[in-house]
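Read through the structures below before going on.
The same chain A turns up in both complexes below, where it pairs with chain B and then with chain C.
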Partner chain A sequence: MLKFLIWPLAAVALLALPHGLSFSQQEILVFLTINILLVTSYRLLTLTGEWSLAHVVIMGVGAYASALFTKELGIYVPVSMLLGGLVSALIAVILSFPLFRMKGFYFLIGSFAAGEIIRLLWKHFRDPFGGAKGIKGIDPMPDFSIGIYNFDFFEPVSYFYFAGLVVAVCMWILWRIERSPVGLTFHAVHWQDKLAEASGVNLRAYRTLAFAVASGFAGISGALLAHYIGTINPGSFDLDYMVFVLTWAIVGGTGTFYGPILGCVALTILNEVVLREMGFEQARPLIYGCILIASILFMPNGLESIVQKFTKRRAKQ
Partner chain B sequence: MISKIMAAGLSRRTFLKSTAITAVGAALPGAALAAGEPIKIGFLAPLTGAVAAWGKPGLDGCQIWAERVNAAGGIELSDGKHPVEFVSYDNEYDPAKARTGATKLIREDGVSFIMMLGGDTWPGVQPVADKTGMLFSTLLPSDLSPDSTTLIAPTEVHPIYLVTGVDYLADTYPDAKTAVICAQDDALGLPSVATYLAAFEARGIEVLEEPLLFDPATTDFAPIVTRMMSSNPDIICLDTCYSDYVHPISEQLFQQGYEGKLISATADFYDQMIAKTSKEFMEGFIFQFPDFDDPALAGDNINFEDAKGFYDAYAERHPGEWGAVSWEYASIMDLWKAAAEKAGSADPDAVITAMKEGGTGKHAFGDAKWWGTELFGIDNALVGDWPVVVIEDGKAVIKGFKSIPDWYDQHGDLLIKHMQAYNQMYDQRG
Partner chain C sequence: MLDLLAQTGLNAVYAASYISLVAVGLVLIFGVMGVINFAHGELFMAGSYVVVAVYADMHMPFFFAVVIGLLFVGCLGLLMERALFRPLRDNPLGGLVASIGFLMILQALASMGFGVRMEFIPPVTQHVIWFTDSISIPLARVYVIVAAVLLLSALWYFLKRTRFGWALRASAQDPQAAELQGISIAHTARIAMFIGAGLAGIAGALTAPLVSVNPHMGHSVIVTAFIVIIVGGVGSLEGAIIASVVYAFVHTFVTTFYGGVIADITGLSLMLVVLIVKPTGLFGSADRA
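Up next, the complex of A and B:
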């Protein structure tokens, strides 16, 4: 019975959540929701054993594409968001040709270089990318009403509901992919690549598939960001942001679907809410860094290991 | 209920009044303050990260300013005197965080005015400003546009004041006839490049090659310096590079044996630059931001009260941290205080009306006029004289004040030409 109730209860809790927060916390909640999709999509790529440093830039590809579709072609915002995701996936497929000639550390460095090339292209071509200043005045999600509630997308609560729905659907798809035979093959590509290859699995094709799917969802997260803040520039998708994604994944753990989400939620709350509220605004990078080091030293398997310990104990009882 | 509130239309007042936080006590912008209640001023700038040098020293300066004002009784509005209090939010020079910060300062902290560095962060805040009518200030007039009437640039008229440094250089060293420029490729660097190009052209100084625009993530400046020196210029211009770049570029120039003239918008923490190079190398370095213990700032034309006292207090509390922005936000507050006292209110509309009355204002470096329609589409920049500063014997010295409007009257067409070439005119941005 509890199993059937848990999802409706979670939905009600999420609907009520922003109303218990302050305005700035509601804003942070919107960005957190977007980042959850980003880090969850990143995990899909890590299933194949590859860690990319271009994921945030690929997110930016979706943001730029969606912004330009609405600004230049007048495409309806939700449609342009989907198209932004598709463009990101397409760029990932193109990048996969040179990148998947490499593995491991070489792939990591190659992906960094690919990401930097894309960022330089945004800067170099002022038309249409706006150069270093980027694009501003990006069309917001158009307001609408569903009778009992008017969606005003300037308001973080409305945008949280919209982004939350999009992110929930995307995460459900990512979850289904991971649980499908394709997802199992991703695991095999990582842990038993020789055996998988001997069984007829095309390793490169599966790595490309994971890269493209992960990039597509990262692109949607970028589009969600662009249409909320109304401006993007190459600095919005720089290496600093990528380091945050990596730390969310590492601190949360990548062994489970929820690990990176835990990392993202815990570290965002720590950095953006707790440390600011405690008056450590200017000391945040120092304290954040110390906590990261401590968590890696004392929790090498990430935050997910705590949840696993707890759930195993309950199962034994 | 929510639907009804929203359907009624979202004016600035209903937007603010319908919020839960305002219901629990945060003041509306401009709403009457209780007697003696502090006036809160928002400080929304980078306090950490690569651009922190143009945020944190400003906040430190504001704290000293607030202590001085509060010690004198506070700000006198129509209902009596109020102390002033700064509420800061570190936007990390990120537009998304700037939006969050603006929301917090307006809707939770109830500030009456918000000071920003501007640049890349302003587009994230602009919708919040438009929706709430809050009065914002920027240090970068290149953020100004007719779309936002509540954004003002009352102190720093970056990058237009840069022309005064080039004028001084051309007058003092008439043999220096060639230059190269480098800048980080961003919202600060590009309009600055356009201004230097105009200023050099106006004085017949040839720019030997296209300005060298480097990525803001650059950490190794040796190749950039080598390339700049390869054309053997008389002048190397460091544009409006962040201090994180000015220092290593100067160090590289020193190591690679450069002997020509150096000009830059800023030379923050120049004592560290001297330590990394030499007193002789830094001799004659031209920039635009004085130390406030300079005797030239004790003149009657200066509208910054007790500049030396302010500098001394700053140097005592934050030794070695005096920079370009240490005084600028405090100077904005001088203007805001005068306007609020004139209006008798902290209401954003009343303050901006009082501030712009008569089309003139008291800028820190002398009386100035509200200006900018041609360049920014709106007269929201306070422009007048600006000092030229030169390092002499290891100390920054003001060599004189030059009029920006006078230069613009003669060479405005050149500035517009180069601004257009870099897509920096207000109608080209975004």
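Up next, the complex of A and C:
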């Protein structure tokens, strides 16, 4: 009974959530929604055991592509967002040729180099990427009405509903992929690569598939971001942002689907809401850094291990 | 034209000097601790801020400040070893995240203590050595080159000719076998962290009057160091030094003739090509990864 009620209740809670928040908190909520998709797609990539440092730049590829499609070709915004995701996946397939010759630490550094090169190309070519100043005046989502609710996409609440729906659909697809035979093969590629290869699994093809799918969804999250803030530049997708994604995933834990989401939500609330509103503006990175170190020292399996401990205890009773 | 080439070459030698100090420290830490120290650029920054505090604010002699920078940042390295890397020995990704946390702390401390503005440091010496009418090098840059040559020679002697150096190399090659031979891994780890961090610190201290000192200066330093240690081979100190020279020359010449962004792209492409063609780097061996 409870199982059938839990999803509608969660949906209602999410619909009501922004109305209890201040304007700046509503904006943070929109970014949080977009980041949840980013970090969930990142987890699909880590399923095959590789940690990329290019994921945020790939997100930027989606953002740039979607922005240029609407600006230069006048494509309808939701369509261009999808196209942005496709371009990201395509770039990932191209990048996979050099990158998947490497593993582990070398992949980490190689992906970082590839990402930085893309970022510097945006910076260098003023046409069409706008150089260091980036692209301004990106078309917003066109307003529309569904009868009971008028979507005005300059309002964070409206955009939260829209992004929430897109992210929910994307996450459902990601979840289905993970539960499918393909997803199980990703696990095998990570934990038993020799055995998987011996049983006829093409490791390279599955790594590329995971990289491309994860990048596609990262691209969609980038497009969502671009059409909300309306201006993007190479600095929007720098190493600092990537470091945040990495820490969300590791602090949350990557053993489960919900681990990275947990990390993203907890650290964002901590960083944006608690520390900012307590007036620690300058000391914010200091406290954030301390908490990062403490959580990695005392919770090596991430926040998800707490949830697991709690649910196991309940199952015993 | 020849003058311009010679002048650019001199600039490249200076760049190679401080890059190799930073990169060798990073390689040493990676070799012995097995962890990528993301905060290495911030150790460089900490060295610069020691000079700001001791030389610019307290008006002590410059070289005294440099020595303090070496010792202070070396001790920061010891702190990192004890507080972060030792408890996370079997968790390389954890070590990476912990060093990111440490990086944020150091950056925040620098901007809280000194402000986010660029620090002005009075020049150590205005003296410039003129080779011809158009080829010159400021004496302050010569200090950096001399220090790099002296320190790296000393390190080479220490590693190849002393018992501590042997122990250090042994525990980098095979920690378990070294432990069985009676080498204290904790002890060699401390030495490696002190030297590795100290080298970054002294590089930061020596270049402080020559660059813009700000809390975010570590970023470009760590990117450069990554490129250098990949091109040189992750386990190899000689490789790091040679790659520093190669990178510094390529970067300086491309900057002079084509501009900074193209130079950065060239450096990163160089690293990517090395990674694709020979993932262990030019001087790395296959089993040290």
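Keep this in mind: the second predicted complex is superposed on the first by the 317 of 317 C-alpha atoms of A that agree within 3 Å, B and C clash if a C-alpha of one lies under 4 Å from a C-alpha of the other, contacts with A are read in each partner's own complex, and residues count from 1 in each chain.
We take it that a contact is a pair of C-beta atoms (placed from the backbone, for glycine too) under 8 Å apart; a residue touches a chain by one contact, two chains touch by 3 or more.
None of the values given here were measured: they were computed from a predicted structure.
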Using the superposition on chain A, decide if chain B and chain C clash or fit.
clash
Taking the superposition on A as described, I'd like to know which of chain B and chain C A:236 touches: first, second, both or neither.
first
A:247 contacts which: chain B (first), chain C (second), both, neither?
second
Just to be sure I read the superposition right, which of the two partners does A:285 touch: chain B = first, chain C = second, or both, or neither?
both
Is A:51 in contact with chain B, with chain C, with both, or with neither (first, second, both, neither)?
second
Per the contact definition in the header, classify A:121: touching chain B only (first), chain C only (second), both, or neither.
second
Between chain B (first) and chain C (second), which, if any, makes contact with A:149: first, second, both or neither?
first
Tell me the contact category for A:63 with respect to chain B and chain C: first, second, both or neither.
neither
Per the contact definition in the header, classify A:105: touching chain B only (first), chain C only (second), both, or neither.
second
Would you check which partner chain A:296 touches, where first means chain B only, second means chain C only, and both and neither mean what they say?
second
Just name the clashing stretch of chain C against chain B, choosing from 99-107, 153-161 or 207-215.
207-215
Can you give me the overlap between the chain B contact set and the chain C contact set on chain A?
120, 123, 239, 282, 284-285
Help me check something: in the complex, which residues belonging to chain A touch chain B?
19, 22-24, 27-28, 31, 120, 123, 126, 130-137, 140, 145, 147-150, 152, 154, 156, 225, 228-231, 233, 235-236, 238-240, 272, 276, 281-282, 284-285
Within their complex, chain A touches chain C through residues 51, 98, 101-102, 104-106, 108-110, 112-114, 116-117, 120-121, 123-124, 239, 243, 246-247, 250-251, 282-286, 288-293, 296-297, 300
Quick one: which bits of chain B touch chain A in the complex? Just the residue numbers, please.
2-3, 6-7, 10, 19-21, 47-49, 56, 88-90, 93-96, 99-101, 103-104, 107-108, 120, 123-124, 126-127, 131, 185-187, 189-190, 213, 215-217, 423, 429-430
Seen from chain C, its contact residues with chain A in the complex are 36, 83-84, 87-88, 91-94, 97-98, 100-105, 107-109, 111-112, 219, 223, 226-227, 230, 234, 261-262, 264-265, 268-269, 271-272, 275-276, 279, 289
